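In what follows, chain A forms one complex with chain B and a second complex with chain C.
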Partner chain A sequence: MTEEIKNNNVAEAGAVVEVDRSLYDFKYEEEGFYRYEEGLTREIVERISRDKDDPEWMRQLRLRSFETYERLKVPDWGPPVDELDMDHIAAYVRPNTDMKNRWEDVPDDIKNTFERLGIPQAERESLAGVGAQYDSELVYHNVRKEVEEQGVVYTDMESALKGDHAQMVQEHFMKLVPPSDHKFAALHGAVWSGGSFVYVPPGITVEIPLQSYFRLNAQGAGQFEHTLIIVDEGADLHFIEGCSAPKYNTANLHAGCVELYVGKNARLRYSTIENWSKNMYNLNTKRAVVEENGRMEWVSGSFGSHVSYLYPTTILKGNGSQCEFTGITFAGAGQNLDTGAKMIHTGAGTSSYINSKSISKSGGISTYRSSIYIDKNAKGARSSVDCSSLMLDDISRSDTVPAMDIRTSEADVGHEARIGRISDDAVFYLMSRGVSEAEARSMIVSGFASSVSKELPLEYAAEMNNLIKLEMEVM
Partner chain B sequence: MANILLQVKGLSAKIDEKELLHNVDLEIREGETHVLMGPNGAGKSTLGFTLMGSPSYELTGGEIIFDGEDVTHLSADKRARLGMFMTFQNPLEIPGLSLESFIRGAIRERTGAPVKIMQFHRDLDAAMELLQMHPSYAERDLNVGFSGGEKKKAEILQLLMLSPRLAILDETDSGLDVDAVRTVSEGIRIYQQERGGALLIITHSTRILESLKVDRTHILVDGRIVKDGDASLVDEINANGFEAFTGPQEIPMVQFD
Partner chain C sequence: MSERTMKLGHLPVLTWNRLRLNSGRTESVPAEGVTVLHGGFDNLPAGVTHTLLDNAEASEYIRRYAVKQPQEAVVAGKVPAYHPQAFATGLGAEFENYLDSMDCGADLIQVQPGMLALVPVIWGAMPAENERALTGQIIHLGKGAQLTLIQLIIPRERLSGGTTVHRDGGEEGAGRFLGMMTRVILEEGAHLHLVNVQILGSDSVFLYDAGSSQEKGSGLMVTSLQLGGREVFNGMHADLSGEGAEFDDHTGYMALLDHKLDMTVTCTQRGPATRSEIIYDGVLSGTAKKDLKYTIDFRKGSKGASGNERENVLMLSEEAENRSMPVILCEEEDIDGRHGATIGRPDRDTLFYMQSRGISKDAAIRMLTKARIDAVAQRIGEPKIAELIGHFTEEAFENGSVEFTVS
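Up next, the complex of A and B:
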């Protein structure tokens, strides 16, 4: 493909869709890519397994998952997914390259994609390791030497299945999120591809974050990466996940799965900025289990997608374990985003805190859905939920659906919810200092989101503010 | 004589169906300080809001010329960029937006260019010190949890940082203790005397005027300017109140301050 054609694609995507989204909204042709026909059958599942040279247990897991997938119904309690037709989704698209660990070796189109998204720059400046997935497979992976020397393992999932930690992977893979969990977990089990495996040995602190970036370039395709992170006793890790895709007129599907194991006295921070295009069904499952006095921290920014179901779940299993969830969701025109968090307290003296923000605009629907479960053994558990919504106009919608199931009287549970609008007086106040109306609104919305952006590393906070600004500009 | 900076001709305004300003005329020349006094509910704040372009008030007549340009129908941000400014009697709280980043953003929006960060910090630190604001306020969310006095200081801080050509001060002295009035006055004095800025000071007390040179005084009663005078009019009001202008027929109708 020539440079000229590429530029045309970029210009076209930028002009037709959303003027300033060109930063994310560009696409390249799949020249020389290996792409499955659309649809999902047992044969396709077998073929993925064969192509990937799965170990036998994985082949079995895929086939069992496929049977479960066929049996389960789509959820009937959330945003509609009727228009998502698996017969028109290619389950597997392999880019025309194998995985590289030298950036120069990555093919130009793919390299350009990640260059534009700022990935290699972020790696140089502030990351200990990076994995970049393009469609179904990782195309680039690199870890700093000093991190490897600490004994930290960060590889693509496929290598992990066959490497030194194969046994560990087998013991943990889809044990937190079993394929029977829901239809899209089963789908994931059947066709998963790509993703990352991380193991941090006991007592090791990884000083700067690791990152995976997932880019779904192909049209009418699914991305089903699997992320498995094990942070052993007393260890500490910050993992960042970024996702984006260009816009197409047909549906794309993202059904990833994230399983996080946080050991005794360990800490894991898992930060995500998902920025899907608005044809995406984002049906993602994320779950963590935390051992004694361990700490799990989620920071989650959900932007884009047509429909999202996303409720990171934390099982506070060990006594004294803690979890903090900080999340923001921005639903614009044509978007129905159903997001929130689940906390399951089974250990004594466990604590959880949810700080959730949502913004809806131009007819977008944002639903905050949470569930707090406190087991009868979780004596002295504390849970606090703080969720606020900002509606930017009269045609948008914001709902809050909190569920609580408390089985001990020795627990302290609080919930606060607020729904607000931007006050005209506040807009006038800012304007009186020379700030345009659009900028004044954008400042107020960014301020509303600041408790989330403050939790992100600087460059990601800047990206999130930029996303908010872009969403505010789209009418 | 200096050029005319603000010219208000026959301005009338209403909110809902209530007319609050009737045929107001006002002329402020470059560098002049005008005082607008009047009893509660006279329409002083309404005049300030209307001059600044608040969409809450509907103009029913007249025009506003700023520096030769008709701004009657311009939005507040455009007026601000031409050099108008107003401190609010009740500044709004903006969670998540720090005082410093707001001022920086406002400067960027006004100039259309990136802010020179070192210079900005020097100016900000100096202005905050002058106003006896603790440096930590720069990082705090705009007006959130500020005391009444801190809010007023933050308004004057913005005045000093944005350096407009005309500042409308709406009851900047209300709710301040003696020391805070002195500090705030000093900020205003620097704006007036060292930068040559013009002022329209809306007040119903006179404490804030003690250290300021006043050129003209206007008395607003029931939405009408009933008396214009020089600085001595302030002393007259101080001694006798507004009774001479309101007369026995005064019926307080609305409270909008």
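Up next, the complex of A and C:
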């Protein structure tokens, strides 16, 4: 993360010394880039497959996905996506470089982008490996030698398709999220490009996190990266995902896919700070399956996008498996963010906990949407949901739309939800201590979000707090 | 006899279609051969009148006296599902249109302004075996008026007499069907306690649809007990337009055997300082399936409003299915909306404690179940009805309708 953010973090509580609004909103020309024409046809899907030299099974998967995409309708239950016109989205934009494993070898404009976002610095200080995607392809990928020596595989998805783990990829790719899941999963299956593959062998603990960062620089383009992580029996990993884009006047689309396999007694934490620009349709699909006594942890911050559909799903398949979801969504002007989580309990003695916060401001719409399913075989399952929403003005809206489907008496399910405003008493108290009203409100909102930020590594918590302060300043 | 399918009880906003919770669906609505029940009230309290309205008159009455709501643009980005109705009710437009097509009309019960009806009005709907019947009411309380209306839905063979209408039974084997719509208009400061007690048997399908239009300072208290019926749809839509209007719904239910119970309640809070309290307490046993969709919808202008949803589900059987959809919608800053739910088997510690005091497990479960229903029944304040409910609950245990498998 940048010094700028760190400085903000060490500033006095709630007081942002200076906020650089250009931190995420800058762009470079696409000089020398290879860009497909806009729209989506079978020919384009075939061309992507050909250009990537896909194995035959992948070519077939892409074509089947395309057929499914054409057949399925857009969702009728979420935020409107009518203005997303696939005829004006380029499905593939390749930057003017192939993937490097030294930042010095990455072209200057792309390298500068990631420098400004603080990625190389973060890699040096606190990460075990980094993948950096620019538009449709990874431009940088590297993993620390000592982690590699543990047998950990961290590579770009295209290499994984053809390398030593090709069979493993074939066995897992889009098995958790089949293309038939919904229209944008099908779109992903047809045109996916980039993303990461991680395999952590049995019993291995990766002490410091791996990170992938996705930057969509191109105007009117889509990004469709695929992340596949397999944490084998007894292993432990923290994976961080970041994303951002400059703002354009035309729609951009992100339809990524994340598939996570958590083995017996294994643990995976997947943290995301999403800060797409506010012209972005973020139609992302994330899903995990957890084996016996395994543990899945999601930490999710959604700040950007014009429209978001994001509901990380966890299938608690193994007996005694657990999942915890901690998420925050901040919907500001022009944003309609529909976020939440799904928990599917099929194993006995499984447990899940959802802790969700949402904030609506300046006309933003925030919807918390969730589903808890407890199968009849999930005897002794427990699930608890705690969801709080904060309304910061009367031109915004905040909705909670949770569902619970319980198929056994041998379960304990609890659900609590609250929607409200900032307490006048709390603002008054802070003001009586010399804090300005704006600062007081900002501090209270940061406090509201603290249950999420405390789950993040320091640098990312600082970035999240910075994003909250940025949003609080926009009136 | 031919039946028709119908979508009933819509969520105001949609969610994932694969959950099948956006609306309920039945295939048990008779397309023909239905009779229309009208009340025969002989001893109405002073200031309370009864008039029979045909369809056109009922529509005109609603148009004239109910608070007019603006045509809604959107709720959370979507046209609300109840939008086609001029007067929103819980089961929605399709059921309303069906009643109209069957010339259901309505019994209008009016309470004059300022009248306090100290004696409850009891409306008994007692369909006979195989009877297929429809009925509708409009309850209109003038300014400051108060009334308790008890709607008793029981099989004819269980009770006779009272202020009700009897019809001959219908075609053998058709099963019992009752479709019912109650629309409530409460003027400023008026208060209605609407009681609905349904103890139909396993041969019965019951569709209950209600809605309210509430002006300043008015209060609608709903006490509902849904204890029987093979297939039951229960819908309520309260519209709190006036400042300080209140909606207080406490419903108890038992879904037994292979019964299906689908409940939808929506409270739209438009006026400032309005208040809603929605509490559902229920017991599921056998292979029963229960859906509950409950929504508090805070609209712009509802400053200072509060709403609370709470649900407690006791699951006595491993084969029972419970689905719940507690929704809060909000487009106003200064509100307080809360929801809470607990779903699960009888508490092990409680069972253990009771057993350690010499109470058998079966008796303990029976006590826990009865306590849940009795807590709702006590709100009715009529000992004879509470006795009837208690008797029905006991009977369900005695005849094996309450099947429990919890250890």
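Quick note on the criterion: the second predicted complex is superposed on the first by the 455 of 475 C-alpha atoms of A that agree within 3 Å, B and C clash if a C-alpha of one lies under 4 Å from a C-alpha of the other, contacts with A are read in each partner's own complex, and residues count from 1 in each chain.
Everything that follows uses one rule, which is that a residue touches a chain if its C-beta (ideal position, glycine included) is under 8 Å from a C-beta of that chain, and two chains touch if they have at least 3 such contacts.
Remember, predicted model here, so these are calculated numbers, not experimental data.
*Asks:* Applying the document's definition of touch, where does A:369 land relative to chain B and chain C: first, second, both, or neither?
*Replies:* second
*Asks:* Does chain B (first) or chain C (second) touch A:446, or do both, or does neither?
*Replies:* A:446 sits against chain B, while chain C stays out of touch.
*Asks:* So, A:413: does it touch chain B (first), chain C (second), both, or neither?
*Replies:* second
*Asks:* Between chain B and chain C, whom does A:392 touch in the aligned arrangement: first, second, both, or neither?
*Replies:* So A:392 only meets chain C here.
*Asks:* Could you tell me if A:423 is touching chain B, chain C, both of them or neither one (first, second, both, neither)?
*Replies:* first
*Asks:* On the A-aligned overlay, A:333 touches which partner chain: chain B = first, chain C = second, or both, or neither?
*Replies:* In the superposition, A:333 touches no partner, neither chain B nor chain C.
*Asks:* Which holds for A:437: it touches chain B only (first), chain C only (second), both, or neither?
*Replies:* In the superposition, A:437 contacts chain B only.
*Asks:* Looking at chain A, does chain B or chain C touch a larger number of its residues?
*Replies:* On the superposition, C touches more of the residues of chain A.
*Asks:* Okay, in this complex, where on chain C does chain A touch?
*Replies:* 13-17, 19, 21-22, 76-78, 284, 298, 300, 303, 313, 315-345, 405-406
*Asks:* Quick check on the complex: what are the chain B residues that touch chain A?
*Replies:* So the residues of chain B touching chain A come out as 52-56, 75-77, 79-81, 85-86, 88, 91-92, 94-97, 102, 105-106, 109-110, 141, 158, 162.
*Asks:* Chain C touches which residues of chain A in the complex?
*Replies:* These residues of chain A touch chain C: 76-80, 336, 365, 367, 369, 371, 376, 379, 389, 391-394, 396-421.
*Asks:* Could you pull out which chain A residues touch chain B in their complex?
*Replies:* Where chain A meets chain B, its residues are 423-426, 428-437, 439-440, 443-444, 446-451.
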